[in-house]
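Down below are the structures I want you to see.
Common to both upcoming complexes is chain A, partnered first by chain B, then by chain C.
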Partner chain A sequence: MKENMRTHKIIVTITFLYLFIPLLATFLYSLSTTWNKTILPEGLTLKWFVDLYNDPRFIDALWRTIQLTGGTMIVSILIMVPAIFAITVYAPKYEKWLQTIVLFPYAMPGVVAAVGLLSIYSKSGIPMVIVLAGSYFVLILPFMYQGVRNSLRTVNAKTLVEAAELLGASRSTAFWKVIVPNITPGIMVSSLLSFSVLFGEFVLANILVGGSFETIQIYLYRRLRESGHLSSAIVVSYFLLLLVLSWIMVRFSRRGTLKLKKKEPIV
Partner chain B sequence: MKKKTNGFLWLTATPFFVLIIGFLFLPFIAMIISSFKKNGEAGFSLFNYTEVFTNKFYLQAIGNSVLISFTASLIGILVAVFVAYSFTKFSPKVQERLLLLANMTSNFAGVPLAFAYIVLLGTSGLFTILFNELSIGFLQGFNLYSWFGLVIIYIYFQIPLAIMLLYPIYLGIEKRWKEAATLLGASPLQFWLKIGIPFILPGIAGTFSILFANAMGAYATAYALVGSNFNLLPIRIGALISGDIFAQPELGSALAVFLGVSMIIALLINEWLMRLVRRDLA
Partner chain C sequence: MSFLTINNLSLAFGEVNVLKELSLSIEEGELVTLLGPSGCGKSTLLRSIAGLVDPDNGSIVIDDKEVISMNPKDREVGMVFQSYALFPNLTVEDNIAFGLRMKKLNKTEIEKKVKSMIDLVGLNGKERSYPRELSGGQQQRAALARALVVEPKVLLLDEPLSALDAQIRARLQNQIRDIQQKLGITMVFVTHDQEEAMAISDRIFLMNNGEIAQSGSPVEIYTRPNSEFVARFMGHYNVLHADELQQIVGFDAGFQGSLFGIRPEAFTETNIHGDGIEVTGEVQKVSLLGNVVRYQLKTGTQHFSAEHLHRSQEYTKSGDVKTLYLSKEDVIPLT
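This part shows the complex of A and B:
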């Protein structure tokens, strides 16, 4: 038995070594002066990070990304949460439909979605940034739906609403005063997940708006060939952000009503 | 009473469905319609589809995509079958952490991933230099910007995803089964051959179909690595709709419909196989 456990430890260690080597290499690269002939970097420096954070183009791209993803997130939460709540509680017979609809974005990879969006909106006069935001709404729908529905189920939304209504609350009061405070932790988790998905989105942004609205991913793509060190500084910053986000997510899901349950397969 | 319910329902559901229709269904329908139109002509035709299935260039793109996705998914799942099983041997607390790490690395895809591999294995990459210094024969000629290189990167993003999808399936194998089998005189090998593997096989096949769909639709990684030079299905679609001179959105639509349909088939296969697993569990 002991011998067996050692095998499993070795397997897991090798796997994570394999998975983390590209990250570590990028990290080291972002801290090195020059590194293209020798096995180890010739020197260490923070220059690339200083350069990056002083580059107005980077700051602009970051700001655009935050506006785009933040704006999309706020609108999505305000529209999705009440709608999913209302359908689950007041029109449960349509829930099955909703579950099917939610699977659609999975079957549509970015390129396919972009083809459809371009063919309908490219000559419509609607700014492509708005179209991009709309496509992001659809992109995060599965994550948001799963999160909201799980939270509603964990807090027994139906019973809560019935109790609130018996005590004389209106439908919207019941929703805002009783349901929302109870499902906020769950919503936070799926929002953070959605946020990290949108933050790393490249395909739709590149095809729909490209250089006319340079997001952080497009900025990274364009910098790739110019300066490797600078690019690695971007990748490292991006990954640190992901790290912080997933840490917050775990925190929330532990503290909140939503417990980290056995993960069901995504689809 | 009834009226009030409907009021709240309508008020909340309307904007929700307007956005879904506007950004999911209408574009999808528009794409299908466009795929049946010949560039610059009114009326419907099958021109784009005949073009897709007779033109060697597009057939090659489809073939390449299928081949690369199949290879990467197969290797990914072979690795994950063992790793996910090893995960289940740790204490629940450690398991949770391992899953968190796997989840984190599965976010590492697209442009950043392509870049990391350039740093590692590109022309003046870290490992490339190392291999040259050590003169490791067959690795010296390694070229990241080749099919082999692309498969290597695809495997990287398949493994964590496969682990996370397979892990819950292993949890379905109960300790009791193993104990019962042992009591009845089965060796561990017999247990796996007769009970374990038949039980997880549909789950493995289902996960494979998701991995395959995931790789078929992947665009950013290959695009970041070599731009439009690789003849892959998603890359071709992207070039057909966004190229300035050679834009042929109708043809791109036909290819996109083909890709979308193959994804839906892959996901339906997964649905069906997962139902088999769940039925066994019930």
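This part shows the complex of A and C:
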């Protein structure tokens, strides 16, 4: 048993180091003056971060990304949550269609999708940013669908709606008063997951809008060639942001499971 | 005039006929049980009354009103679910108040009604608790209160006690029966447990394959089963063909029919009324089932079982030859 535990610990440590060393190196690189011929950086500086946060183009790119992904998220929640609810509770026989539709993003490589979208929509007069948002909507379907459907199943949405209807609630009241409050943690987790996916999306953004609507990934790609230290600073900032998002996500999902696992008191 | 009347109700899911032209009627203030094995259609019948499934044909009349085409919320029926279905985001109090808020009652009236319901089901001190903080029994009492507080014409209970352990179950059976008598409410209780059905019902509708196999008071159904299915479902009846019965009771008994049921406790060790048929068998096995002792006996090649209450000194053991007495009216012809 003890032998076993040691093996486990060694494996975990190695995995952790494997994942963590590149990040640590990136972090150090973003803080170093120069780091060429030595094992450790020759000097430490916050210059790259100061540079980065003082670059109006960085702030603009960040703001654009937040607007684009945030907007897509809101539209996705407003459309997908009622749709998934209606299908799982009232029309389960159509669920297999929904399951097929949400797999579309996996069926098509990003570059192919982007080129296709570009050739169809570039002459249509629809702003390419809207087309990008639309393709993002499709891209996050699997995450939204899985998350929302699982929460609906966990809270036993069908029975809850039946109970509410028998107590005199209309279908929409039942949805807003009973279902939405109970699946909010699930919606939050799906949204944050989708948000981090979209935040890191480069292929579609670069081909569809490129420099005309510079998102954070396009900005990162452009600055990569200028200075390694600066792009390290971007990566570190980006990583910290995702860390915060993941932490919030874990908090939300843990709140969901704690509810279920809590020990039942005696009568 | 009956309070709840169901006429020729039919429902098929694809090829399967779940309800077959089923009719029944229930009086006001009655507690009836829909009893049957799983898949017999009892829950579907209950959900049809609630309006949660749409039957293909037939009518459902509650208090002189045809409800078949009404939405669940307009039918004035309440329902208690096996899984409780309490709203996890609301406290006990708010769960109970939900239906009253939907009816747009004023605040003081809601408070008063919720309070009296909490007293009735004995959840005092738990008003501010969330469902997840309650035990199964408490959750089901909260669900009962939530369904009762809106004063439905009929309360439907869909296997409400199946998820609870035996002790709490027995206690809640009594509590439900007490509340039903106190409020004089009409209840339809679905269960697959014949003991539960006999313990609480005024009448039992025993269902099989989407039809009513037999209906009547618990005593009628238990002592006068009309078919093999009912006899086997309601107890540990000995179900015997005419020739098998002859082996046990002798050739001169003169029973009419081809299939018979005999309750195991109908065999007695003394000839109480003096007119009992003498039955002699070799004891194969003696088993103690709590307060009841069951013997497996054998007469000729025919096996049967007999039961009596447990007593502090048990004289019978395997291999004994035992003489028992059986009243003629306890041999029940079955179809």
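The working rule: the second predicted complex is superposed on the first by the 255 of 267 C-alpha atoms of A that agree within 3 Å, B and C clash if a C-alpha of one lies under 4 Å from a C-alpha of the other, contacts with A are read in each partner's own complex, and residues count from 1 in each chain.
One rule holds for everything that comes next: a residue touches a chain if its C-beta (ideal position, glycine included) is under 8 Å from a C-beta of that chain, and two chains touch if they have at least 3 such contacts.
Remember, predicted model here, so these are calculated numbers, not experimental data.
Trainee: After superposition on the shared chain, which partner residues are touched by A:170: those of chain B (first), chain C (second), both, or neither?
Mentor: Touch status of A:170: both partners.
Trainee: Would you sort A:221 into first (chain B), second (chain C), both or neither based on which partner it touches?
Mentor: First partner only.
Trainee: May I ask you to decide whether A:29 touches chain B, chain C, both, or neither, giving the answer as first, second, both or neither?
Mentor: After superposing on A, A:29 lies in contact with chain B but is clear of chain C.
Trainee: Go through the superposed model and pick first if A:112 touches only chain B, second if only chain C, both, or neither.
Mentor: In the superposed model, A:112 contacts chain B only, not chain C.
Trainee: Would you check which partner chain A:162 touches, where first means chain B only, second means chain C only, and both and neither mean what they say?
Mentor: Only chain C is touched by A:162; chain B is not.
Trainee: Does the superposition put A:182 against chain B (first), chain C (second), both, or neither?
Mentor: second
Trainee: After superposing on the shared chain, does chain C or chain B touch more chain A residues?
Mentor: In the superposed model, B touches more residues of chain A.
Trainee: Tell me the contact category for A:151 with respect to chain B and chain C: first, second, both or neither.
Mentor: Once the two structures are laid over each other on A, A:151 reaches no partner at all.
Trainee: Quick check on the superposed pair: does A:88 touch chain B, chain C, both, or neither? Answer first, second, both or neither.
Mentor: Once the two structures are laid over each other on A, A:88 reaches no partner at all.
Trainee: Quick one: classify A:191 as touching chain B (first), chain C (second), both or neither.
Mentor: A:191: touches no partner chain.
Trainee: Output the chain A positions appearing in both contact lists, the one against chain B and the one against chain C.
Mentor: Touching chain B and chain C on chain A: residues 170, 260, 262, 264-267.
Trainee: Which residues of chain A touch chain C in the complex?
Mentor: 155-156, 159-160, 162-170, 173, 177-178, 181-182, 259-260, 262, 264-267
Trainee: So in the complex, the part of chain B that touches chain A is made up of which residues?
Mentor: 4-5, 7-9, 12-13, 15-17, 19-20, 22-24, 26-28, 30-31, 34, 79, 82-83, 85-87, 89-90, 96, 98-105, 107-120, 124, 126, 129-130, 133, 156, 159-160, 163-165, 167-168, 171, 206-207, 210, 213, 216-220, 223-224, 234, 237-238, 241-242, 249, 252-253, 256, 259-260, 263-264, 267, 270-271, 274
Trainee: Using the touch definition up top, name the residues of chain C that touch chain A in the complex.
Mentor: Against chain A, chain C makes touches at 50, 52, 71-73, 77-79, 81, 83, 85-89, 98-99, 102-103, 132-138, 146-147, 150, 168.
Trainee: Name, in rising order, each residue of chain A that touches chain B in their complex.
Mentor: Going by the criterion above, the answer is residues 4-5, 7-9, 11-12, 15-16, 18-23, 25-26, 29, 35-39, 79-80, 82-87, 90-91, 101, 103-121, 131, 134-135, 137-138, 141, 170-172, 175, 196, 200, 202-203, 206-207, 210, 217, 220-221, 224, 228, 231-232, 234-235, 238-239, 242-243, 246, 250, 260, 262-267.
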